[in-house]
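Scrolling down, you'll hit the structures one after another.
What follows is chain A paired twice: with chain B in the first complex and chain C in the second.
Here is the complex of A and B:
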């Protein structure tokens, strides 16, 4: 398996990923409920942003410090319990300090306790990384969520109700529909488009890592090559003329035998693609895990077919070896 | 969309279809100008210009291919304007058109693959944002800002007023001489458009007919007014934008299925959704919402229809093969 240069998790990289490139709301599409329904007002958005960031920091730090050895099914329950505790305390704090604000936040504060973003980040990152990195990741994701919530709150408040917070800007709101939940979806859609443009234009080295940079990824790693490459490796181990081996593997094996220079080059690149896939699959790095689940890069059905074909090829090879020993 | 061919617009492409549709919109436009004066003309022209400008600028910003010659932007502008009252504020109409083009048509795939009727989406947006302005109709010849507002047919139906057909002149209803949308309430002109559509696009008229027949059946079976079933039938069909939607929205080739039988099912389904919303919606006229819901749900229904047809075909083939074997054995 060729050595693959892996991206180092530097603090700046974690921050850029959390805030922009893998933005929890706009790119990973998690925690949409408050972003769509509750972000029609800048005050509510700000309160929710603070709560989300705080919750993420507390949960990820606890997960990184204490929960690494605990089984996964128990960990997930613990995340929600921590969320519940944080939300209950925040609720009590708001009840005494700012009861109006608590009324305006409404049901979305208790809903934060079961935030999918918290469980996902803890499980994908915090339990595998150090406390420092987990804290940075929580901060970055919290800031990413806050950025979206507050932008949405500002735009929807201004255009939907003609107000920024309690200040009246327009007597008649220009687009009253934006204050409704469907307006939230529209604003999020345009914000996601703007983010995509911004990353393409100004952060070009991160462009390929965006989950919705589907076209570029397909160009770089065509999924069909994997179907041919993986059986080719297995066919090299076994007899290429095996009738049980799939047609694709036979064709690829024949191709290997008679490959001209450019063909060899393409086969090598295909093999490196497959090697890349296996390395990513076995990696603990959450960024790699994300890349695997990016459906634009890999067609999961084809990957499964390829893996099954390889297993079949290995079984055939083992069976042949046994037959040779018997003989 | 499952049964759609690669070219849903047929030989002539979208250019011909939307050119024809825009041509069909000319008649109601002329009548709107005749009834409501120059104000209606300005609104119509502004909406059409806004449609073209939004398409041009939107396509340039989103870097998607643009073809302004297909008339779809003009059609969206004109259709949106004709569903509004003649004295609607300009910003309301222009926002609706901008929404239809910039939020619905361009990002969702352009003329040939947009999954919702853009003009219906624009109207729905205006309805949600400014329901008081969208359903406040002027009385013919009196467009002053403080003039008395008229109660439209859809408003009467929505209120469930006890009326008889003779309280409203049937001829006035047919020629659109009642308070209502400026271009969508003239039934005779829309019927003429249907005849033109029937001659030009024989398959597309199946959508319209099945839609109207189903709506009529529901109107007769479940009347909303106490004036009898005939009154209910006439008023339901002529009120609001139902007939306009039947002619221009249900036939949209980007969304409509291609198979004749599926077209009929699509028309029936759309009509059922529209009539359900009319009965239970809070808005005076919810035809556009019904059309949008039907647009969203139809692909899932069509997939099931196709699967069922395939199963039937297989079973028929199996039966034929079994019958052939039996014949061979007997022989």
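Here is the complex of A and C:
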């Protein structure tokens, strides 16, 4: 097991993960604020890229060296204070060197101090790993964020005003909407789709690990669990006095004749649905990545409701048919 | 009565017109990430509304002090950030002493307190020159606007997951970004600005 972990964390792997496969903005969905709101201009994007990379390197190195034994609830505020100091220093530096650029960055420069990218990378990686690996991770994630910020700045600047920075590239009616946050989200959406295609096409060995979602927070239940609950609820519905769980065991043990035939048919048809549902939920396939979102509670309830409704319908149909035969 | 009206008006403006998550992108990472945990909406909503309101109030109060008011932008960033950090530390300390919540609760508290949206509120108040009441209204409204964003994103994500018509390449975060873009566009429309000249 330790050898396997050591094999996973090679420098090249950390770099590829940070820049592409687990890109902080497009895959991990962290540090969106500057990418969405402030990166409508290549100069502003460049400034923010430098700041975020520097901040990540400083914070991750400090976290790896000094903060491993401090409780997490204290560490998060330390990252924030470090960020504040770095941003205030940068702000003063820009004020003297490039005041125009400082005005263009605006309120987004100090907000980098509260960036979720810094806190999450420090907590998820730096406090558990060595200084060297933490530095590489910070560099990779900084470059990954920078890549997205610069791409966004380039595309939004070019399509929004026909300019790259202060240079006019072509005359076009200005699409001011692209400079607004919704324009940023649209560009991020298409960039994420492009990155997904690129990884699927060129980095195929990372497919199994890639997850274009936030994080898998739900463990898949085996389909059998769901199948067993179906007769339990159904039996309980037929006999309201009997509690659900004992009804299930009673129905299973005694081979309840009324429940068996139609339910078996129904359960057999539902088995594939449930199995398919859980397969999707636990999928590692990058093409099916939305399954990685933690939305299972709602869908599970919907699935169960649908199954119960169908079983009740089949029971009623079978019962009505029996009555007709008797008549 | 007039004061109450001002407060409610500013809060409603922040929720529906200048929704910080959609119209400014502030705290959008947290909104998207937290929207996948519906069970934590209620405590998170209380936390974020508390932090945005109290931070706005304290920072506005500090800004009324002459010496602080005359300081430069970088000093204000440090002071407002210090207020937020101190507020978080005091809350953690009090909770640790009196309630002994689980570590998971503290993790959520950290996300609710130290994010771009809560930190942006006092900076925006200063930039816009809001009064004390307006600042409180902004704080309350920002907290509630975040909750609205959580609900809207959560509803969309559930529908996106069940949608089989989305091309495979756009499944996952690409579709989610485009969905949030549509919400953001809708809120931008409410602000009345001309989007395309």
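Here is the rule we use: the second predicted complex is superposed on the first by the 201 of 327 C-alpha atoms of A that agree within 3 Å, B and C clash if a C-alpha of one lies under 4 Å from a C-alpha of the other, contacts with A are read in each partner's own complex, and residues count from 1 in each chain.
By definition in this document, a residue touches a chain if its C-beta (ideal position, glycine included) is under 8 Å from a C-beta of that chain, and two chains touch if they have at least 3 such contacts.
Predicted model only: the values in this text are computed from it and were never measured.
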When both partners are placed on the shared chain, which of chain B and chain C touches more of chain A | C
Does the superposition put A:72 against chain B (first), chain C (second), both, or neither?
-> second
Looking at the overlay, does A:115 come into contact with chain B only (first), chain C only (second), both, or neither?
-> second
In the superposed arrangement, does A:182 touch chain B (first), chain C (second), both or neither?
-> both
Scan A:31 for contacts with chain B and chain C and give back first, second, both or neither.
-> second
Determine, under the contact definition given at the top, whether A:174 touches first (chain B), second (chain C), both, or neither.
-> both
So, A:159: does it touch chain B (first), chain C (second), both, or neither?
-> neither
Chain A positions touched by chain B in one structure and by chain C in the second = 174-177, 180, 182, 186, 189, 193
Residues of chain B that touch chain A when the two form their complex = 62, 91, 95, 103, 107, 125, 128-130
Please give the residue numbers of chain A that touch chain B in the complex, ascending.
-> 174-177, 180, 182, 186, 189, 193
Chain A residues touching chain C in their complex are 26-27, 29-33, 36-38, 72-74, 76-77, 80-81, 84-85, 87-88, 91-92, 95, 107, 110-111, 113-117, 119, 173-177, 180-186, 188-190, 192-193, 196-197, 212-214, 217, 286-295, 297-299
Where on chain C is chain A touching in the complex?
-> 22-30, 32-33, 36-39, 72-75, 77-78, 81-82, 84-85, 88-89, 92, 103, 106-107, 109-111, 114-116, 118-120, 123-124, 127, 157-158, 160-162, 168-178, 180-182, 184-185, 188, 194-197
